[in-house]
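In what comes next, chain A is part of two complexes: it sits with chain B in the first one and with chain C in the second one.
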Partner chain A sequence: MACSPGGSDPPQYLPGGSDPPQTPPAHGGLLAPHTPSGEASGLPGAPGSWDLTIRALRCWLVVYRRIWRSSIASSFLGPLFYLGAMGFGLGSLVNAHGTARLGGVPYLEFVAPAILASQSMTTAMSESTFPVFGSVKWNKIYIAAQATPLRPADIYRGHLLFNTLRIAMNSAVFLAIMAAFGAVRSPWIILGLPAATLTGLAFAAPVAAWAVTLEVETSFNYVLRFGMIPLMLFSATFFPLSQLPGWLRPVAYATPLWHGVELCRGLSLGTLTMGAAAIHVGYLVALSVVGIWAGGRTYRRRLYV
Partner chain B sequence: MSSAARRDDPPVDVVSPIRSGYLRVLPPVGNLRRLKNAPGPVGLGGRPPQAPPTAGRAPRGSARLIERHARAYRHMWLVFASGVAEPLFYLLSIGIGLGVLVGKVAGPTGQLVPYREFVAPGLLAVSAMNGAMYDSTFNVFFRLKYEKLYDAVLATPVGPFEIALGEIGWALLRGAIYAVAFTLVMAVMGLVPSWWAVFAVPVAVLVGFAFAAVGMAGTTYMKSWQDFDYVILISMPLFLFSTTFYPLSVYPRVVGVIVEWTPLYQGVVLLRDLVLGVPGWDLLWRAAYLGLMGLAGLRLAARRVAKLLLV
Partner chain C sequence: MDGIDFDLYRGEAFGFLGPNGAGKSSTMRMISCVSPPTDGELTILDGDPVRDGAAIRGRLGVVPQEDTLDLELTVRENLLVYGRYFGLPKKLIRERTDQLLDFVQLTDRRDDKVDPLSGGMKRRLTIARSLINDPDILILDEPSTGLDPQARHVVWDRLYRLKQRGVTLILTTHYMDEAEQLCDRLVVMDHAQIVAAGTPRELIEAYSSPEVLELRFAPELHEQAAEKIKDLSSERIEATADRIMLYVRDGDEALRRVREHGLEPAASFVRRSTLEDVFLHLTGRRLVE
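Here is the complex of A and B:
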């Protein structure tokens, strides 16, 4: 996996002196000159913070252009399989036994939005653990990017933006499948796309901020096994929270996935109240903001040695 | 002495007669492919270098590889131990949550069993498959392409067949430990109604063998990490649709027939029938299915390792 092939542009260099570049390239490489905005470094002709983030993002898009086939398969068929097995297969058993505990909702409609939210988490975790670590340690994309005008914060935000796009893509596909299966009750589910993406971002931002600091990758195993899997199983995804023992429920309320699941489920069933929505969104936004702030710091500490 | 070229010898570009009385090819490091058509060691009957070496020696060389992994994992025992936790979380979540939602389902012979008892052996089969697949795909790929472990191993008397057997053996050892832990927890949770369950651990190891061998063989064809999306693409539907979570009767007839021929389904039926204490004669051919699948995978894996690294 490398940054350059596929969409490699011939290297273009910043023109000397203070002349603004004559023609901005249609699609610039990492070193491509750009329209002057100068807000990042204060130098005339220097690209702005947002431009640099987009350039870092572009690197990942170039990579993705080469590997999208295999990832499409897993991000399209994976949720389809899950929905089929859990919603229909298991659902037929649950519905036969009675859905009073679910508030009378068929199991498919109960579980589908929860799978949407937990899929966002899974995508976020897989895109922000090993790929981030590998960019420092294995294929060293970050090290290469750091030798360009990109600053660590740009590298972080570019990668995070790419991860967010991946989460949004997977969520959009899943929503379409949900709708096709008739697992949706309310038109509010349109907002499920930003809701699921926000859920993913709330995981991706802090996890990437942490992943970049590591020296060995073993910690990922613990986070996946003792963090992600219990979250997936006990955050009111496959059964309502009321079935958890009372002392465990506050723990579930504190986890980000529960907020994501409640948000998506409320939108899909049309039962979401404004107050609940504000709490869930507020929690997820706060977590994302803290993560983004921390990421800028940890990336700087790691990449400016 | 296997046909592998010893890397620690000084690189010599010619065929030279050296110790133990037969000729050996000493290719320069990193340029093995150039010698693809070089003559094999005469002392071993002129066999071409890429042929798998004698299987008779396999256990000893494989044991060495397993010992190597055990030593390497000493520093990571917590990773090893944490693998026990994953199926337990599933078991717990089903015990608390789904079990209550589903109530009772029809077991193998049509009798109603609590959902927890129904799912637990299925999860044991799934964890045997997943553990074996993980070890024999991701880990083998890393050792093959990045760690270059097998290049190092082939520089010793250990040959490709022994590598394949050792890797699969290691995956099975690991899987057996997890299976024992899982079965014990099942027993503690009161999910093991029959003494037939003593066969659960060896059968879980058999399931592991089938998938580890095929997984390792498949891994030798992989080019990059992206190819692992295809591993997930195979293992996930097996996990979800092999009647792990619900009986076969849920499916339409056509789907059910297809599912009946998939490998994990055999493992799920084997374990479920044994744990619930209703074994039938069909379990024998199901076990044979898994055994043959494993042997075929083992043979292919050994050939591929030899082809990739010894030519």
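Here is the complex of A and C:
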């Protein structure tokens, strides 16, 4: 059923069709008579993906501005507690038994870069589970953004970029505290910042891609309890992999955190070989790329229906 | 959607009426370019919503059915974030924020968080936010649902002013008074189809009578009276549990006829036909869940 006489002629009762009824006042402004912009020029071209991603990121920066103080405080306290308890408390016990199995380094130096990698995972998980889910279900940040030029993939990438910045921030703070504790052995640790950030990204990208698909948030608890905690415990974080039974070691090799731990530790102790670095970086990059590809798809499926 | 067809003109206010579940919001989502059209052809601002979605959305303002404000941010920050999505420079956003908050009467709450604002204020803020990009088309999904009468009238007043400025309005509603107040033309939807279309006046002329006579009888006489009136009138009659409605040209004349046949209603009331009569006639009185 057609509800209009045709497509082109405006009906009689309309004031003036496309001509604004009066000239705008000198100062212009939003509440002056509206001049449609589309007609003369046609639709302007859409902005590029990178531009739209940055727009989505800036939203998160405005939100973060409100909570950065408490966020910074906790990113200092976490490393202090961990390095204090593990490095000094447990470390003094371990060192008393001899450190040959740790490669002859004090326990603090062995464990600190591993906790750096593991903290990246924790930050990535906390930033890409509940905040992503909440952006669909609770405060609806995604739903609001969706009505603007941003496309689902831009919304995803902008949020992921913000999460990556958060991971990098926390890693930088951790590295500074590590250095202050004297837990660093090699100048290569300067590359620990990109290494730890990449480790976090390898978690954040696929986890956000999955989190956006959920209808209820209970699955997060399973992932944190049965995914993240075992990874933290069995990825050569607190003890070398040689302490595990032989059949368990290949499992550890397959997990992303192990690659992150080995990468950061190798840089901090100065023991990383080019070949090992290529494998670890390659694994983490591959996981990130797959995650980003999947995120573009799951966000679209979720938001464009 | 089940084959709906309509054209829109610049500067008009176009309404979608329909019961819950009629497909209004789905249509809105397609027009807003946040849902792919299921089939057929949709052209918005001369663009294809699938190919040019981002560019079209840049020229639209959307007031969703449920507010999507960030409750943790202040009134102004909400507009800032949204303006940024459209790629507007900060200075322009600040200028427009001042104008828009003035327009929706929220200037004195500009630095307050959104969370404690009343429903009406949040609605007005959502409208202000949807105007930050100076849109060619403003899309409103049930703009005044859930608001108290004062707040509704403020919203209507602001929308009316926008319409006078030449902004095209597309809105859904199930409030007939809202549709009569704001819409130049409207369509009535039911079961994902358009069942009627036209100006409010055309719809009333086509689907209802100029006047409606409402009669009430004592409960024990109600059914009997309804039967009798059905016999004596050729016009459309509707009997509900407590009322009998006669859709007639002249209500007073019809009342005289009823009395001449010895029926004395306990109460009678003559009124003009409204869109609500059209709506109930077209979509039925059954409850839609």
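As a convention for this text, the second predicted complex is superposed on the first by the 259 of 305 C-alpha atoms of A that agree within 3 Å, B and C clash if a C-alpha of one lies under 4 Å from a C-alpha of the other, contacts with A are read in each partner's own complex, and residues count from 1 in each chain.
Keep this in mind: a residue touches a chain if its C-beta (ideal position, glycine included) is under 8 Å from a C-beta of that chain, and two chains touch if they have at least 3 such contacts.
Computed from a prediction, not measured in an experiment: that's the story for all the values here.
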Between chain B and chain C, whom does A:301 touch in the aligned arrangement: first, second, both, or neither? neither
For chain A, which side has the bigger count of touched residues, chain B or chain C? C
After superposition on the shared chain, which partner residues are touched by A:229: those of chain B (first), chain C (second), both, or neither? first
Check the residue A:55 against both partner chains and state whether it touches chain B (first), chain C (second), both, or neither. second
In the overlaid three-chain picture, which partner chain does A:244 touch, first (chain B) or second (chain C), both, or neither? first
Pick one for A:47: touches chain B only (first), chain C only (second), both, or neither. second
Let me test your reading of the model: by the given contact rule, A:78 touches which partner, first (chain B), second (chain C), both or neither? first
Between chain B (first) and chain C (second), which, if any, makes contact with A:90: first, second, both or neither? first
Shared contact residues on chain A for chain B and chain C? 1
In the complex, chain A residues that touch chain B: 1, 67, 70-71, 73-74, 77-78, 81-82, 84-86, 89-90, 92-94, 97, 101-102, 107, 138, 218, 221-222, 225-226, 229-230, 233-234, 238-239, 243-245
Touching residues on chain A, where the partner in the complex is chain C: 1-4, 6-7, 10-11, 13-18, 20-21, 29-39, 42-47, 51-52, 55-56, 58-59, 62-63, 66, 139-141, 143-151, 303-305
Chain A touches which residues of chain B in the complex? 76, 78-79, 82-83, 85-86, 89-90, 92-93, 96-98, 100-103, 105, 115, 146, 224-227, 229-230, 232-233, 236-237, 240-241, 245-246, 250-251
Chain A partner, complex, touching residues on chain C are 4-7, 9-12, 32, 34-36, 45-47, 52-60, 62, 64, 66, 68-73, 77, 80-82, 84-87, 95-96, 99-100, 103, 131, 133-134, 136, 164-167, 184-185, 187, 193-195, 197-199
